[in-house]
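The following pair of complexes shares a single chain, chain A, combined with chain B in the former and chain C in the latter.
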Partner chain A sequence: MNFRYFFARTIRFILSLYIVATIAFFILKLAPGSPLTQFINPYFTIKQVEILKRQFGLDKPLYIQYFRYIVSISTLKFGRSCRYKQDVAGLIADRLPNTLLLVVPTLFMTYIVGVFWGMFAAWKRGSRFEHLSILVVLTGRAAPTFWVGMMAMAVLCFKLGWFPSGGMLSPGAQFHSFWSKMFSSDFLSHLVVPLVTYLFYLIGLPFLIMRNSMLENISKDFITMHRFCGLSKRKIISRAARNSMLPVVTVIALGIGYIFEGAPLIETVFSWPGVGLLLVDAVTCRDYPLAQACFLIIAVSILFMNLLADLLYSILDPRISARRRFK
Partner chain B sequence: MINKIKSFKKEILEPNLIVLKKDKTALICSIMFIIFILTALFAPLIAPHGPREILISKDGKILSYLRPSFDFLLGTTPLGQDILSQLIYGSRPALVVGICAGLMVATIGTLVGLFSGFYGGRLDNILMWITDIFFGIPFLPLIILLAAYFGASTWNIIIAVGFLLWRDAARPIRSQVLELREREFVQVAEVAGASPFRMIFVHIAPNIFPLSTLYASLSMGWAILTEASVSFLGLGSSTTVSWGYMLHEAFQSQAMGRGAFYWFIPPGICILLLVFSSFAIGRSYEEILIPTLRGE
Partner chain C sequence: MLRKTKMAATFTVVTLLIIVVSSGQSLLWGKALPKERQIRTLELYCMPAGEDIEEYRAAVLYANELRKLGLDVKEHPMPYAVGGDYIWRERSRWDMTAWYMTARPERSDPDELLYNGLISTTVKGGYNFYGYINPEMDRLLNAQRAETDIEKRRELIYKIQEMVADDVPVTFTVHRSENFMYNKKIWDPNSIVDQAGIGLRNYWTFVNAKPLTKTKNMIADYAEEERAINPFYISGVVDLWFVGLIFDRLMRIGPDGLPKPAAAKEVKWLDDVTLQVILREGMKFHDGKPVTAEDVKFTFKAIKSGEAPEYEPFAASIESIEVLSKDKLIFHLKAPNVAFLITSLAKISIAPKHIWEPIIEDLKKKPTEDATMIQREVPIGSGPFRFVSWRRGEEIVLEAVKDHYNAPKIDRLIFRKVSIPEVELGQLVKGEINFLSDYRGDPSALKKAAEANDSLVWKNCITLGARFFVFNLRRPPYNDKAFRKALAYVVPRKKIRDVVEHGFTTIADSFVSKALEYWHNPKLPQYEYNIEKAKEILANAGYEWDKKGRLYYPEGKKETLKPAWGP
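Up next is the complex of A and B:
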């Protein structure tokens, strides 16, 4: 593990975090209208409005407001939600695990399926199977996820009645522990349709990259050599695949970005009680503190998982951290 | 002048036509794209009704929840609006968003890539650092936030997409510029005393053009998807009928539960076709540009 790389990457993570937080602050400040509109009603006197402003610290100059904002969000004080009349941090802490329960299995499934599918597509290059696979994958990329979700729901949940339509658990379901919940048939049956929809959208990246890098490796000398030696097809594929995996690993960070960005849509369609749905609800109800906090949490999740992925590669492939250093 | 036109024809037009000749997908997608543009241009002539017109039968009833029939090819919404007309008018916002945002992304991305790659050094470091930061910003959530604060309008979405997605174009263009910078014709121009601006815009930029086109067409697809997503979430412009808005209405009024496939399938297909064709056009460019990708 390259300590210098680790350090530099962590610094970049913190800086990115800071900049995203700053952007969120200035969007709010630049936006027309006052954040107080939620509280003020037309019968307030000017004096009352001013008291309110002082309570929220809005009478202070911008840089002090900014400083206070940075201090409060770095201590996880996001304020109170106007709609739920609760602490925003608590609301998010309730919802974040639900998002992760959807995102993490999807991520694993997407990369496992994508890698194997891409591998076979490259092996059968030029065949009808390959052309059809590419068409399917590109369709998944171009189709709006929420629409695919709506179709899947209309057919699988309503028409055929195989799966429950939306939500994460049946109403009233109770479990002893986290693990018994995760492996209960109730939770899994709720998970299937959103996961498949999501997978259809995300599969393009690992599939195409695996296919391309596999195509490159298949034409290399060492594979030709294996062929001459009379190795079985399975062994040749697995050796070519092992060398083609690295580019796929390097795009996982990008995949993580896509998966969190898609969360508001998937969660809305399937009424999955995660952070994405919370963000959409907050925005629809003009609950600004909550919307801002949800945005920040999604951003932090993406940045943090990117950091993790980057650090992992640098362990897997020492060339990455070295390359960065010499660039 | 004639020389310039000739060189334009030779350098820019012909490679593009080759793409169409070689690649059937690209040809089909281009035709599809042109059909969409014509539909958008002549929407009022093609559409049988206004997109928001509430249809009333002769005996004064609102024609709501109609299934597809000869009079209403795709049926009507619960509010008694003709779905086919909405579909036809929906091509307008999609294309406006796609084309404007695509141009914006390509312009910003190309400029950043050109300056970053050409000047190198500190400017390069700063610009690439900014690009990295932009990669860390969650795209759709930020657009949702912007739509919430600044109000939902088509132009806000275009600007938001343009200001965020240029990051995808900047890096590849920069590395291409780095390569071109070392080529002889650029070096000769430098020795001959060309100003940096002349070198960037006269000698390097035309060679970047295909790559910019690629990113313009890709981000056009993204922009259309984004507009649809934002409208689907109910945060889009409330005055224009877009495909995303249609899907929003279908979702809100439980069209899936009622099995009203005629309502929510067509807008999705339209988005899919338009986005697919813009991706495919970009992809076939890419394959011509980077011949190793061609599975021959």
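Up next is the complex of A and C:
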């Protein structure tokens, strides 16, 4: 690995992060609206407006607010939420694990199922299996997630009664540790329906990419060569699949961004106490510190995965980091 | 000569013809009116359909009716965080807006809405954002606060409502209704209390609900994110339910909407500014320490010290508090205020001094922090329910305090967050929750469910909240009472009730809800939809229509776009 390349990428990462943070600040601040509206009631007076503005730091000019914001995020303190009046870091730390508990297993399953499914669909090109698979996958991609969620809930939870319909745990349930909670049947039964709904939506991407890249590889010379050599069908599929995996790996890095794309909808439908709803509420109510922190978390995770992908590529493909030398 | 006569004759004839034609035209198609008298395009603000579908639809219907009067109206949907801010801050820049009031229990006394919404002192930055100024109204508002004879006070409240109906600073549409549902095989229907203007989800229901089966847990739901459980922070509507159950209050608002002693055994007005309070014996905080008069004094003092800004107005009328003994204290008020029992004593939660005093003292040293920012891990109060656990955004578990003077009949009260109405209903039918306490969807779904299942009880309750259209009285033409009256006559209230609200509500005619039978004036003018009458009022006031039917100011008035007064 080339250290100069690593260094340059890291600098670029920090720079992009700064730009994103600045955009997150101004896009929210310059949008009309105010976090004070939620406090409007018959007793809401001029004096209270001033107190709240001081508390939220809105009484200072914009450049001071910006400066304070940059200082606070670079020390990893995101300030205090306007609505909850609690530390934003604490609020997110409370909710982020719940979202991850839903999203991480979903992503795992999506990519495993999607890759294998796409692989077989490509191998069975032109069969009824392939046509049906594409139909199912495109339906999942096109159907509104909340609608699919509601339908899944109506059938699996209310009609058949197989699964509970909302929340992460049963009413009043208590567990001694995080792990005992995670592997309890209570938690797992709550996880099934949201996971399936989410998977149904996400699976389109790995499936289609895997299928297309597999189709491309199957027609390549080395596969024909393998056929001539008389390799078994299984071996040929696995060799074609290994070469087709690369684009899927790239998409996984970007897939982190999808955590926050579908999560608010799934979380609302299934009353899942995750971070997605926190973000949506924060933006609609102009809770600046909370919304900014949520934006930054999304940005950092996407930028970081990109950085990771870049660095991994430089290891996998030396031409990328050594480009300069060969110029 | 002849030629000249001919020319003159022709000229005269042509001139006459022109005069005849033009006057005929004005007789046939209306007068040509000066452009500067034409009323500008009026903007009607409301929430977007995604945020409040009922308000949006009502605004669209109303705008159509206004167009029939010859006004050029533009609906302007804005999300609350944007629109609310604009209406509140730019006091003289908007024309009309739809508005609504939520049903908070302290509004059971008519004082809160009437006083803060109509007194001239709140025009500049307070709740009188429409700019209603009337010295006679100010006098009446202050008089009702000082009137200790409840019958006489009611007369004054009636008069205030009549005056609002006559002056039309706002025009009412409907009361908001709330819908509740439970299974009568699980809960004894006689033990579920319908509190006037609040509905089934109230202190009395949670304390009285009698289980008929082995289930001793009530599982209720809430639809909106909870934020804090803090006796010093009015953080959100649902948070106040939890605070009201964990913490006790000197008074509670009774099922009839009138104040009822709670932690106070007895309250007595010694004169119109002095109130003596005797506490119940044997009350304890959930950590075992006794509740004393010192705790009560501390709570009110902490609020008055500015560490709880949202609660401060509720304690503003207190001059001083004097503790006579362990269970006896006296409130000295600055001025007579009969609503004090509800707006202060039934509003403020008693906080334990031994826990909060060091916190408040510490906060006094920090200028940018106050008690609203303190979230105790286990909130300790002296109410009928003890805090057990809280998973943010998912559920809150409370446990009955069996030695409380209003000991609940259930063991545990569990609130689950469910934000989608269809899911709420599904969970109730399936039994995942057993008391539907925060339903914000279409009531006809509940009606259907109740018809399909005999054991489900559905209740549609009229609340203290009302919807209305607000006119900005600072801006012409709204500074003209006749104009406002005409506008009040074209609100399609029946359509709004039957179509927009699906028939599950009542037409409103006052800030005081019809749910408050004692205070609501039954003889108010109804302004039933009548476009002919509206046109007549406008014509009598001198307004005119041009040939295209557009409305013009009376003679002598011009469109200036500038507010008549105000900033």
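Brief remarks follow.
As a working rule, the second predicted complex is superposed on the first by the 261 of 327 C-alpha atoms of A that agree within 3 Å, B and C clash if a C-alpha of one lies under 4 Å from a C-alpha of the other, contacts with A are read in each partner's own complex, and residues count from 1 in each chain.
By our rule, contacts are C-beta pairs under 8 Å (C-beta built on N, C-alpha and C of every residue); 3 or more make two chains touch, one makes a residue touch a chain.
The shown structure was predicted, so the numbers you read here are calculated from the model rather than taken from an experiment.
Touch criterion not met for A:M225: it reaches neither chain B nor chain C.
In the superposition on chain A, A:Y43 makes contact with chain C only, not with chain B. Touch criterion met: A:R286 reaches chain B and chain C at once.
Touch criterion met: A:Q86 reaches chain C, while chain B stays clear of it. Once the two complexes are overlaid on the shared chain, A:F158 sits against chain B and chain C alike. When the two structures are aligned on the shared chain, A:I11 is found in touch with neither chain B nor chain C. Judged by the touch definition given at the top, the superposed model places A:M182 against neither chain B nor chain C. Once chain A of one complex is fitted onto chain A of the other, the partner contacts of A:L76 are absent, as it touches neither chain B nor chain C.
In the superposed model, A:L312 makes contact with neither chain B nor chain C.
Residues 31-32, 150, 153-154, 157-158, 165, 268-269, 284, 286 of chain A contact both chain B in one complex and chain C in the other. Chain B meets chain A in the complex at residues 132-133, 135-142, 144-151, 221, 225, 228-229, 232-235, 244, 247, 250-251, 255-257, 259, 261, 264-265, 267-268, 271-272, 275-276, 279-280, 283, 292-293, 295.
The touching residues of chain A, when paired with chain B in their complex, are 12, 15-16, 19-20, 23-24, 27-28, 30-32, 125-126, 130, 138-139, 141-148, 150-151, 153-154, 157-159, 165, 212, 215-216, 257, 260-262, 264-265, 268-269, 276, 279-280, 283-284, 286, 288, 291-292, 294-295, 298-299, 302-303, 306. For chain C in complex with chain A, the touching residues are 79-82, 84-86, 88-89, 104, 112-113, 115-117, 122, 124-127, 217, 219, 225, 227-228, 233, 235-236, 309-310, 312-314, 368-370, 372-373, 375, 389, 391-395, 397, 412, 414, 416-420, 422-423, 426-427, 429-430, 432-433.
For chain A in complex with chain C, the residues that touch the partner chain are 31-49, 51-52, 54-55, 80, 83-86, 91, 94-95, 98, 150, 153-154, 157-158, 161, 164-169, 171-172, 174, 268-269, 271, 273-274, 277-278, 281, 284-286.
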